[in-house]
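Chain IDs A, B and C follow the sequence of writing; residue 1 opens each chain.
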Amino acid sequence: MTQTAEQQQKAATTRRNWALSAPALVVLALFASGPLLIVLVYSFLRPGSYSGVEWQFTTEAWQGIFLTRDIFDGTLGWADAHLSIFWRSVKLSLTTTILTFAFGFPTAWFIATRPARARAFWLFLITIPFWTNLLIRTFAINEVIRNEGLMNTVLLRLGVIAEPIRIIYTDTAVLIGMTYVYLPLMVLPLFAAIDRFDMKLLEAGYDLYASRWQVLRRIVLPIVKPGIVAGSILVFVPSLGAYVTPRVLGGGKNMMIGNFIELQFGQGRNWPLGSALSMLLLLIVMVALLVYVRAATKGGQHG
Amino acid sequence: MANRPFSVTDLPGFATIAVAAFVALYVPILTLVAYSFNGATSVAVWGGFSLQWYVAAWDNTVVQAAAMRSLGIAACASVLATTVATMAALGTTRTAPFRGQTAIYVMINQPLMVPEIVTAVALLIFFASIKVATGYTGLAYLVMAHTAFCIPFAYLPIRARLEGMDLSLETAAADLYASRWQTFRYVTLPLLAPGIAAGAMLAFVISLDDVVITEFVKSAGQDTLPTYMLGQMRRAITPETNAISTALLALTVLLLTAFFLLTRKRD
Amino acid sequence: MSEAATAAVAVEGRNLVKAFGQGNAAVRALDDVSVTIAKGEFFTLLGPSGCGKTTLLRLIAGFESPTSGAILLDGRDITALPPNRRPVNTVFQSYALFPHLTVAQNVAFGLQMLGKPKAEVSTTVDRMLALVKLEAFAGRRTSQLSGGQQQRVALARALAPAPQVLLLDEPLSALDLKLRKEMQVELKRLQTETGITFAFVTHDQEEALTMSDRVAVMSAGQILQTGTPRQIYTRPANRFVASFIGETNFLTARISGGAAHLAGGVIALPAGTADAPTATLAIRPEHLRLVSAGTPGALPATVAHSVYFGTDSHLHLRLADGAELVARQQTAADGATGPDPGAEVSVMIAEGAVQVLAE
């Protein structure tokens, strides 16, 4: 044996650590990561007659994301219906991200600048919606904005409107719903970043004649940027793949990517297309995560 | 002194927006809870305080079955996930860097990074093939699926607790002739216990709350509470849904409070 | 106070009170403090932690508002002005440099906030960096600098907008001894060159004595004495100031007929010293000398022990009635360290060195 005692020790440690991690890895490989490969494979197959697939290689599913074949003359054209779904998804996700930031940043700032005891209380208060079932939260906002919901009932009683405002089953309803549901996801990383922020820098800013707005723009925002990026990713990614919220608040018509994927495994009976769409969604998410890691590590170089 | 004293941390309008946001967050939830006690049968009109919907939900055999299933799956998934997560945490924390450590870490946290719908689709396809091959359509699929995505939620609090633990205690045990197993059993484990409990609690809540993956993976008649409610929302919504939601909410708040108390730093 | 009254006044604090908390539990960080800082002087607030010196500084800067009282800058009442409208700049104890900006950008910040034209900002920044000898570091990030360099950036940043008063909150406390002494010289030079009024806060009495034109000694929210370093040292107003500044021996004695009666001897006091049954006398260790036995006016004492400091030795003496005195004796050229413990000696107090203290 030419290994030193240290090397043997290191090898033994590595073996032990892998052995300890193995059960978790096996479960995840079988029931989380592994199946993703199956999806990738299925995206290159042909749809079966009723459901499932036929084992024949084709790229039709991927093409079908963006293009449709005219049934009469067989020419390829843009799949308008699909594209409008993508456009809606991206538009709603981006708008949700912006809205949750607009409301979330002041909220996170508020919590972080409370005295210690009050801060624990406000944190607890923001954490409850965070852990409440997504469905319940969607249902709750539904109770407010639907035709006989709280908002309309109050406005009708006050005489401000004569007829209920019909928001439900529109893009606006989905937007309101997603902003409501994902707001806590934006607040928590922002709070973490602001909590680390050295408040003395605010004093330094005011000492050097900055106005409140300048302090915000020139000192606070640049330094808490990693938190902003984290919160944005934490909202953008799930909202892009949202399923429950658009289903409950958008009805069947205003589909986002998530609903469109589900359709392929339900009535649409096109598993390969659903698989391809899932892979596309995963790809977009991976890219967004890379952007986050890049921005976060760059920000980490500041003291 | 006529003016308000200058506060360094005040930013104009922020407090107003923040309070408005908190109000906006809680009004829908409180509305939902309030309507669960509605005495009237119509959703729009308030007909006095009543527990009729809770009674209705309690007596509803479908709801009972769904609730049992939810709790059962959550319990199993939570136990399984916490066990393997504890082992994985011990293997990846407070150890000298070893080959593949980052890969393991990425793998464990991967469910947090993949959109739920993608995982749901993947499991649907995977299980469909197995169902065809073996004919088994029981609850094991749901339990294993839940276990998988609960692992990172159990892992993170345990890892955090482990990292915060004082290494010198285990060194002291070794100095006092404890074997590796004895050190683990009498020193490490008791100190780790709050972290494990927190992880288990978190995993339980996450499993209980899951909608998307459960919806895709379940076979007919295998509703959990969330999927049952989702189904109701497609048809007629009755305040029974409010009652169930409020009950789930109360359970979450209870578990969250316990989690907060467990992970609070002791001074 | 007459010297300050004839010079122009830069900052004046009138009857300042700062209380924290409510009702019975309220703590007064400043308890009816009045202070005057003259233009162009290096003024130091000296005291132990918790005495209120930093609170007073923060009131001048505007980060806190007084519970009652007023702050005047150049004769103008600025009590209600927010900090970003006071022509006063601060060097923070933790430097508070902006981590996301370079050294040059930090220094430029105040000027930019004031809306100065780019050319003026640029030349001023260059001038400031030259003043603190950091020209080579203009493009660096502040986290890459050493503690001493960061301190100089903080200084340059606060001086750049040419404030009427520069406030320094224990700026040297984080530096090691050698660097601190260098910076003390630097700061004094800067103040003389720029002519800007400096208000300096420290708990280090040696720092206060070496750098200041005038010192205000504070304790428990009040100013106990204001004066030049020489005045504070040689004529401490009370026991606290006497023991906080330098080292002091305290003796209790009866005063009658213009002399202090101690066990073992009588010491002459300045003519006109009032009679008192008991009074506290303060005597500096360097004013005590060992003399040959029998010298008139000397007190007999026994050597308890001595402590060797290199440049001198501290002889701990015990008088006939048990009172203790510490005498400082310079080490002789041949290295002899003086009498051994247990030796009987005679100790003489230099003429005019006894201070009778008002408690």
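Here, a contact is a pair of C-beta atoms (placed from the backbone, for glycine too) under 8 Å apart; a residue touches a chain by one contact, two chains touch by 3 or more.
Treat the numbers as computed from the prediction; the structure is a model and nothing was measured.
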item	value
Chain of greatest Cα-centre distance to chain A	C
Which of A-C and A-B has more C-beta contact pairs	A-B
CA centroid of chain A to CA centroid of chain C, Å	58
CA centroid of chain A to CA centroid of chain B, Å	18
Shared-contact residues (touching 2 or more other chains) in chain B	6, 8
Touching two or more other chains - residues of chain C	62-63, 82-83
Chain A residues counted as touching two or more neighbouring chains	203, 206
Partner chain C, residues of chain B touching it in the complex	1-3, 5-6, 8
Parts of chain C lying in touch with chain B, wherever the complex brings them together	62-66, 68, 79-80, 82-83
For the chain A and chain C complex, residues of the former touching the latter	198, 200-201, 203-211, 214, 218-219, 222-223, 301-303
Interface residues, chain C side, partner chain A - complex	61-63, 82-85, 88-90, 92, 94, 96-100, 109-110, 113-114, 141-143, 157-158, 161
Residue ranges of chain B touching chain A (in the complex, touch as defined)	6, 8-15, 17-22, 24-29, 31-32, 35, 43-44, 80, 83-85, 87-88, 90-92, 95-96, 98-101, 104, 107-108, 110-111, 113-119, 121-126, 128, 144-145, 147-149, 151, 155, 205, 208-209, 211-212, 216, 226, 229-230, 233, 241-242, 245, 248-249, 252-253, 256, 260
